[in-house]
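The structure appears right after this line, and notes come after that.
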Amino acid sequence: MATPTLIGADRPLDFEALPDKRPRHWPFSPWHLFLIPLSAAMLLPLVWSVITSLETSADAQRFPPVLLPSSLHFENYVHAWNSLPFGHFFLNSFLYAAATVAGNLLFCSLAAYAFARLRFFGSNLVFVLLLVTLMVPFQVVIIPTFLIVRKLGLIDSVGGLIVPNLCGVFGIFLLRQFFLSLPVQLEEAARIDGASRLAILFKIVLPLSAPVLATLAIIQFMWSWNDFLWPLIIITTPQHAPLQLGLSMFQGSHVTQWNLLMAGTVMSQIPMLAVFLFAQRWFIQSIAYTGIKQ
Amino acid sequence: MRRVAIGTVGLLALACAAVVLTAGCGSSGSGTAASPSAGSGRVVNITLWHGDTDYAAKADNVLVAQWNKANPDIHVTALYNGSNDYALQKTLTAIAGGKPPDITYLYGSWAANIVKSPKVVILNDMIAKDSSFNWNDFWPAERLAATVNGKIMGVPALVDNLAIVYNKKLFDRAGLSYPTAQWTWDDFRAAAKKLTIPAQKQFGWGYPADASEDTVWHWEAMLWDYNGDILTPDNKQAAFNSAQGDQALTMLGDMATVDHSIYIDTTNTKIQQTFNNGHIGMMVTGPWDLPSFPNVKFGVQVMPANHQTISGPDNWVILNNGAARVNASWTFIKWFTAAKQQMYYDLQTGALPTRQSQQQQPDFQTYLSKYPGTDLFVKNMGNAVKSRPTIPQYSKISTFLGQAIVSVMLGKSDAKTALDQAAQQTNALLAVPGS
Amino acid sequence: MTLSLAPDSRLRRALGSEHLAGWAFALPAVALIVIFGIVPIVWSAVMSFQANDLVSAPHWVGVANYRALLHDPAFAASVRHTLLYTVIFVPLSVAGAMLVAWALNRKLHGVRFYRLAVFVPVVTSTVATGIIFLWLLDPVFGLVNFFLSKLGIPAQGFLSNPNQALYCIVAMTIWGWLGFDVIIYLAALQGVPHELIEAAEIDGAGKWSSFRSVVLPFLRPATLFLVVWSTISALQLFDEIYVTTRGGPLGSTTVVVFYLYQQAFQFFNGGYAAAIAYVLFLAILVITIIQLKVGGRRIYSNT
Amino acid sequence: MADVSFQDVTKQFAEGTLAVKGLSLAIPDGEFMILVGPSGCGKTTALRLVAGLETATSGTITIAGRAVTHLSPRDRDIAMVFQNYALYPHMSVQRNLAFGLRQRHVPRDEVERRVAAMSAMLGLDELLRRRPAQLSGGQRQRVAMGRALVREPKAFLLDEPLSNLDAKLRVQMRAELKRIHQRLNITTIYVTHDQVEAMTLGDRLAVISGGELQQVGTPQDVYEHPANVFVAHFIGSPPMNLLRATASAGRAQAGDLSVELAHVPDGPCVLGIRPESLSLMAPDDPRPSLDFDIEVVEPLGGELLAHGFVNGRLASPDASEETPLFTGDSESRAEVTVKLDGRLRLKAGERVRLAVHAGEVYAFDAASGAALIG
């Protein structure tokens, strides 16, 4: 596959843009005529979900719709929060995401370093094997994985969510590529300075790999936080459900009240959105980097 | 709050899965009861799964807390486990995963499916030995639904039936008089048409059209009222593709596609809310829905014409996690389903009394006045003279019928073609021996 | 340690070598990946030749599962739905993203806001997306039908209309994925030197022809990546279906992975589901290889 | 005693390249040893073998009398300066200097003392807080050396440490290196391909080519008595002129040059004459001489270089089985470089007669390239 090195992880992606050349007789750039409706269409679903979440049930079901509610019903959020164990959902999602991020950073770093720098018996064969797993979609292995997790006694537990996702091949490849690009002399210098392999990894290589580690962490966090299929399969009780599954359980109860459902939906999206807004540059860079490095 | 409906397609397959559980779990689970017996001073922890939300969940929690306070040796944890529609699937998954609950709520229509699992505790002996339980206090229909080939597989948890619930304000506004027991189906259709005001998004009738059992049993009540039947009396052939079936489904289809008087909910999640918000004139539903309509002044009337209705009792099913926990579960469920506790639950939720003796409970009159219309549902129990076939294939047949009904309602097919196709599938299924 | 080793002993050499360090480093990851990656791949393959209800002892049925797939109309329908979805989703999302990225790749008042608007859905979960669109596209009270009514268009069934549901899923997933694709394209556009575009304009190329001859070749690797990636994602569509239609109405949105899920975890036909999984895997593999072959050739012949 | 020795050390890489062949070399304590040779000759590999970054395929390496062949670098107590310095970019100068000591669990105050002493000696005091990216080339160089020396290692290894510096800085650092060595007197192994550095810095130098040791000796010794045609050509700048010759009866004839060389056996041989061993022939100069057609003149101030042609044929400095010393038979003119007095006014196209200084003609065996010593 083509691997153009369009940007490096070390280079901030700031979308150095083309100057806009508007036709001379236009008072503004014609691109706005495209971008304003587009932005509206992209934001509308989110805005509408927030508006609905603040309406009464009756206002939510009016036609024509109540576009601007006369009063804001923040208590919808309280009702939504109390009707299902949302606290558990958040906690489970957080545990799931945090543990898989930590696991991937640690295990992928160790393995990626071994594959990048150490010549060890069978490394090529193992590496090819890992490559194979990267090509196989999750759906193919989902049933045996379920059975293995069941054997481990981890069905319906956050542990069952975490363990199979502690180390992804993607992370190993991502980090290995980056490690290979680091000057090997640094590590040789450290070896001569008396550092063990472990010390080299943790004191020299990883500090220099902050951008790619952040990328892996962000990608893994997003993935775990938004994961749905795997929790759907192994989690049966709401107390153990992560947020997305919890949200779908919420939706599943037949007294769908759009205002409450939207309140739950908005609540579930707030942490990720907040992180995104604060660390937008990192998110975008991570996506661009991994996308391009694929 | 408990909708009587079967989950999605192919529960037959689930039944098969349940059968083979015998091989998988029989050796490890049921026989060996090594855990300490209750009364030895140790606390036995048991788990109960339910699908209750809102008032019902609150009532459950109050009762369970009351129990736990009074019975330190048996600790009950009640867990909301998502919609009841998926309870059978989840229970079977949990059994397969080796972590089943001790007590779970299951639709009555699943009795034939779940009873094949060796994990299910058959209650005949316990009931026979325990005079305090009084099995005959439950309505006859409930006892029948919990009994498969003579095996009692659960304790009735809830009973219900269908009647017309209507929005008085919308009737008044349309200048219509309220439904009467003398209504024909044509009266029903005409009223629905008159209640429909497209510009205001107002509909005469709301119908769940997700092709699930919920879609099917609403129509089955109509089918029976048209003097049709689901299967032949020997349960060997489809009978719904009769002239009566055609009539019943054609009427439903015409209301949907010609009159446009039906609010068709293909997700089956929105009708209650829409009725409560005053956009639907009539619903065919049971007492469990009444608390969802705080905003509506509603009336209740029996079904048109012959008043045939359908009853769907649901059960608490005890699963075997060792003798100690089975005993504890039995002790708890006995208390939980006793008249006093049941009356409390019904008072909170508007559910119908499961025990006949509840009518002697001091709260019964409060209950009737608190839930106007409930008295009609109690009386309507007498109109539930037929029951759905208690065969494991029923869930699969239900999916065939569900597709047929929805395709007619969405104008994809006419009633005769759709029913004939479903009948063909049903007959093919029933022809397979032992399936 | 009483064991003392001569500096040159073979054992010491072996212990001190990179073999040991390498394995020590790789072992946790390799063990996890073997247990949760390699073993399931093989197991799944084996399972596809078994009748396996996930509970009792499986038994061999040879190729019966695969043969049954050939004659399963529900599976055939799921394949049709999946392919139809993919064929619409991939070109629309990729071409749309290219256009949007091109529009966003310029100095413009408010461009940061426009970008944010396009990127935000990327972090919205598929479940939330499904629920929100279910509401937007509600046939009776939905906002979209309200807008249509303003335009004099009658209310549409959308997700509750078997003829429209799949297209609604396409629209919904494009909304969710557009930002991701745009980010990739914006990054690719960074690689296009401004001087080249200016040079092309000086050479007298019109806007479109300078885009075609200068910019497009630079975007080709990103396009290839996105086409392959989107195709793989499209063939694995599940979450949005589960949340919105559960395969309905009338099975019109039952896609392969949803069918697989039903077979495996609702009907407990593990062997049959494994066979579906392998057919899906092979399809993805073949389609990806074709795309890479065709796309790769174009990249090399054009740049 | 921190002597370093190679005993019959061979290194063959996994892919088959034979980088070092049977190297035996003893470096006594405190010596400044230069490993010199063209790039790819194996000198860096030899250094990395000492460092422990590579492991010898066979043979033994000792440091301070202890066999270290299979020890890891951390157990060898050596220090190394890399060509690109390999400073840790994420650490300050201070932490770069301290890193090795920390890894060896030297007590904190001891670390601080030694880092302070080293930074004072190398003039790094002002830079301790900075990161490597904020340093100039020369400063980085000094930090790299400081990082190596602060550990007070048994041996100090340098891999072309000056090659990334500009010419002026290189001269300056050369002197500084020499000064440091004189002060600390640590056994030092210095790899370079630059023969000027080799000549100026080393106590002794080891010339390596094709993975094999060609000659070891003091710079002067190697210059004056090259062991073979390769060393003769490699050491000295501009390189020695090599001409094909034929010897018979104590005289060797190359083109129109005829030199008396009693010890050379009859047959083909190679004559070597350094550019500085030639001068303009005075009238009735008795020394052997040859005609020289000047093509290009490069004045260097005090002296000048003249490039031109003489009668005769060139010989190649690289002897090997495939390419014998004598190549390019067709040519009857040989290109020669001559270093002359800078005050001479010579013009391109001019023909002059050059005399060869007595006793400064080298002869080499035509087949093996070995020096033929009288």
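The first chain written gets the first letter, and so on, giving A, B, C and D; residue counts start at 1 in each chain.
As a convention for this text, contacts are C-beta pairs under 8 Å (C-beta built on N, C-alpha and C of every residue); 3 or more make two chains touch, one makes a residue touch a chain.
Note that the structure is a prediction, hence the values are computed from the model and not measured.
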Centre of all protein Cα atoms: which chain's centre is nearest to it? A
If we define chain centres by averaging CA atoms, which chain lands farthest from chain B? Would you check? D
If you tally C-beta pairs in contact for every chain pair, which pair wins? Let me know. A-C
Let me have the rounded angstrom distance from the C-alpha centre of chain A over to the C-alpha centre of chain D, please. 56
With centres defined as the mean C-alpha position, give me the chain A-chain C separation in Å. 15
Centre-to-centre distance between chain B and chain A (centres being mean Cα positions), rounded to whole Å: 40
Where chain D touches two or more other chains, by residue: 72
Name the residues of chain C that each touch 2 or more other chains. 54, 140-141, 265
If you look at chain B, which of its residues touch at least two other chains? 93, 96, 201, 267, 270, 274, 279
In their shared complex, chain C is touched by residues of chain A numbered 1-4, 6-7, 13, 15-20, 28-29, 31-32, 34-35, 38-46, 48-49, 52, 60-65, 106-108, 110-111, 113-115, 118-121, 123, 126, 129-130, 132-133, 135-148, 163-164, 166-167, 169, 172, 197, 201, 222, 225-226, 228-229, 232-233, 243-245, 247-248, 251, 258, 261-262, 265, 268-269, 272-273, 275-276, 280, 283-284, 287-288, 291-292, 294
Complex contact set, residues of chain A against chain B: 57-58, 60-63, 83-84, 150, 153, 155-156, 234, 236-239, 249, 251-258
If we count contacts the way the header does, which residues on chain C are in touch with chain A in the complex? 18-23, 25-26, 28-30, 32-33, 35-41, 43-44, 47, 54, 100, 103-111, 113-129, 131-133, 135-136, 140-141, 143, 146, 149, 175, 178-180, 183-184, 186-188, 190-191, 194, 197, 220-222, 224-226, 228-229, 232, 236, 238-239, 242-243, 257, 260-261, 264-265, 270, 273-274, 277-278, 280-281, 284-285, 292, 296, 299
Residues of chain A touching chain D in the complex: 119, 183, 185-186, 188-196, 199, 203-204, 207-208
In the complex, chain D touches chain A at residues 14, 51-53, 72-74, 78-80, 82-84, 86-90, 99-100, 103-104, 147, 151
